[in-house]
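Before I ask anything, here is the structure I am working with.
We call the chains A, B and C, going by the order they appear; numbering starts again at 1 in every chain.
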Amino acid sequence: MRHLLSSADLTRDDVRMLLATAAEMHEVQRRDVKKLPTLRGRTIINLFFEDSTRTRSSFEIAGKWMSADTINITGKGSSTSKGESLRDTVMTIDAMSVDCVVIRHMASGSAHQVSQWVDASVVNAGDGTHEHPTQALLDAYTMEQRLGSLEGRKVAIVGDLTHSRVFRSNAITLRTLGADVTLVAPPTLMPSGIGTWAAADGLTLTDDLDAVLASGPEAVMMLRVQRERMSGGFFPTPREYTVGFGLTRDRLRALTAANPEAVICHPGPMNRGLEISADAADAAQSLVLDQVSAGVAVRMAVLYHLLAGEEAAA
Amino acid sequence: MSDLLLTGVTWHDADGTGHTGDVAVREGLVTEVGRVEDTEGLTRHDADGLTLLPGFVDLHTHLREPGREDAETIASGSRAAAAGGFTAVLAMANTSPVTDTAEAAERVLDLGRAAGLVDVVPVGAVTKGLDGHELAELGLMHRSRARVRVFSDDGRCVADARVMRRALEYVRAFGGVVSQHSQDPALAGSQACCHEGELSGRLGLPGWPPVAEAAVIARDAMLARHTGSRVHVAHVSTAEGLDVVRWAKAQGIAMTAEVTPHHLALGTELVAGYDPVFKVNPPLRPTEDQQALRDGLLDGTIDAVATDHAPHARHDKEHAFVDAAFGMLGLETAFGVVHDLLVASGAMSMADLARVMSTNPARIAGLAGHGRPVAPGEPANLVLVDPTATVTVDRDASHSLSRNTPWHGRTLTGAVHTTILRGDVTAREGEPAPC
Amino acid sequence: MRADDTLPPAGAPRTVMSETDVSRALRRIAHEIVERNKGADDLLLLGIPTRGVELARRLAALLHDVEGADVPVGELDITMFRDDLRTQPTRAPLRTRIPATGVDDQVVVLVDDVLYSGRTIRAALDAVADLGRPRAVRLAVLVDRGHRELPIRADHVGKNLPTAHTERVMVRLSGVDEAGDSVTIAAGETRAGRPSTPGGAR
């Protein structure tokens, strides 16, 4: 494994190995001395063109706990064709002989493009509305901690699928692990071509959240509705969205009745009262805080497997 | 000017009948075909195995001058055009400043004449500054030395139906035509950058749905009927859009259409690697659309092949996919691609190729001296092509100032051998004559 | 050619410790540990995966027989502390499990199957240091095959086994491997400091 650009890069064995490693890293986090010498002498650049305190700090801590030198660079937006090109920006960084570039960018595919240009390993920490593979790994890790193997488990992903990189990566990783994935969204927030895509990848589609909850899924993943989408004509009003697709108190009750063991995930940050009610966010079956705590362990696992091993085989 | 004798060459009559023999060119005109009795003063060119066609006419070229001379100049674009077998190119108006005045049009004309390798025919903007609201000086551009007949806001759609209607009414008076970039901006986000479908959904890229093209073509067809004016559909890219063109033609509406070599031959799947060299507007479409476009070209629904040659400086393509510039090079590869795809495969004859790459586009643009048959008395705007040559495209060998060719590394059967503009050789075996 | 048929093929393993030898060596090591520590108080056995863990468990059982004491056993994976990570593909780290006593002020006995270059033990010392501050750290190994690359020696050795670099030492333990206990030696080079993997050679 040289780069982690898409969840589709990972075989089932890769995912299993990463999750097993993450579990050990999670143990290390409970110690007084959390620092491992594993990546001593390695340099990791966190290149973030888009704000994300949560993801950036968890990559930074992950690197530091394995003794890598981690440097944060905040890229300026490159939404116009004027000014420095993305390639120029990353080539400047690559010229410093870094070992790994962790990139977050508002443009889909940017991590793929960067991986073509640089010598360093590239980790996609979220590219536009494309993918966020480490998020999918930490979601799978968190769910497995509660549910055991995800093989054959029913997982519902609910919300703005069109604009969600979390959904795209999760749908891939969950299928890789053998979960039974149902997508729930209003038709205007279903990605283009989802019909053939879902058929090809074995995903179930519906806009009936209540029916999905009544079927007793083992996990329900609520996606964030971006504030800027609310007036974009994707749905009439926040209220109508909540009534149709929010995990309200009543729906939490229905879910618990159908499956008392069901867990609730949300990649954060949450819009309480919109896609998820406070009751659901703070419920005993909510994994929201577990997800955050797993973030560092999973990113340690990814950095370890990308950077610790032998150089790419000749 | 040297007078030429092409020996052993194959050419076609207007009706497509093929002949082999000699062709004499004197003082910029074809003077004799078949057997040339008096070869006194003629420079002999052995053209055994080559085919002589009317010089290609490109309805859709971006030459970037004025404004982006780092990407292309009228001189460099002319070299690329000559190397590609073109004797006339229509230079799109989306330069900086925009070609929206008589002076701007004349300047493009003059720079083209100064380069002297190809007739550079300015296209006028439909609206001032391509803003889509106020009509540009359509009449003054037409009355200028540039005699502008084709108007386009290409790169942008004339989305406002009222503006489109007025433009059509206005150009009808002098036989002009509006070449429309058919794409309803309201049906796609401002960041749309590829075909909307399963792949764009997976890639997380905002796309253009085919209906955004078809809806505008349908509206323009109705406006053309209403105004009695002529609409040309630039770079049709979808089966849906093509269906509307077919319907409009069946209704007797004055609508013509062009297709690019890349929409005929390249599919949307190329976008999967996020390489901006494949980012183009309109976007590459799925296989079914490519097939429909080929069928449409063969059955005459599509009148012409146009390159949409769109050079871009390297740094404008080295952004994230959604931020990178739209467009790809096309002048030097157009013949090879069309020949390889359609003629070498037997779907189309060489005479058909001449029709869609020369005769029809010349007629649409109103260029009297181009797209003429190979016959005595006709202007010697000609191209010799080698149907058996195979060429592997090398972007670094391009005469364009830019390198954004999607054909790099592909091997094509069929190559341009010699381009002749009014009797002068403007390019030979890929090398343009000095300007 | 026919005469050669009676000879073992080159590289065929030769047994250097039988099941009885292994069990006798462990019993002796258990006695030594108690003697050195003057009893079983504050002892903590940390096995290095995979076979070191099995050996540590067996030693704990023997200590129970000898002293009647329940000596806690832990597992110490040293993957993340290795100095040769860059020379081989990564693998998921194995378990590290430290008993509730922790390592602070304990007498930690590291247990491994084969002592060779000493690099594994160097990594183990680093790993232990990150877990706390033991009163003392000792080392017990079933086999010491020599060829040290670091100034490290074992306190308790089951068998000193002179070897050549070109030989491999293989430890098999029931409970980890399918076969019963044995130590064999065979021709075929193994790079020093390779992690012990199930069925692997050292």
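Quick notes on this structure:
In this text, a residue touches a chain if its C-beta (ideal position, glycine included) is under 8 Å from a C-beta of that chain, and two chains touch if they have at least 3 such contacts.
Bear in mind the structure is a predicted one, so any value in this text is a computation, not a measurement.
Of all chains, the one whose Cα centroid sits at the greatest distance from that of chain A is B. Here the chain at the heart of the structure, going by C-alpha means, is A.
The busiest chain interface, judged by C-beta pairs in contact, is A-B. For the pair chain B and chain C, the distance between C-alpha centroids works out to 76 Å. Chain centres here are Cα means. That of chain A falls 41 Å from that of chain C.
Distance from the chain A centre to the chain B centre is 45 Å, each centre being the mean of its Cα atoms. Touching of two or more other chains is recorded for no residue of chain C. Within the complex formed with chain A, the residues of chain B that make contact are 196-205, 207, 209, 273-276, 315-316, 318-325. Across the complex, chain A meets chain B through its residues 78-81, 85-88, 105-110, 112-113, 116, 127-131, 162, 165, 168, 191-194, 196-197. Interface residues of chain C, counted against chain A in their complex, comprise 77, 80-81, 85-96, 126, 130-132.
Listing the residues of chain A that touch chain C in their complex gives 17-18, 20-21, 24-25, 27-28, 31-33, 35-38, 66, 304-305, 308-311.
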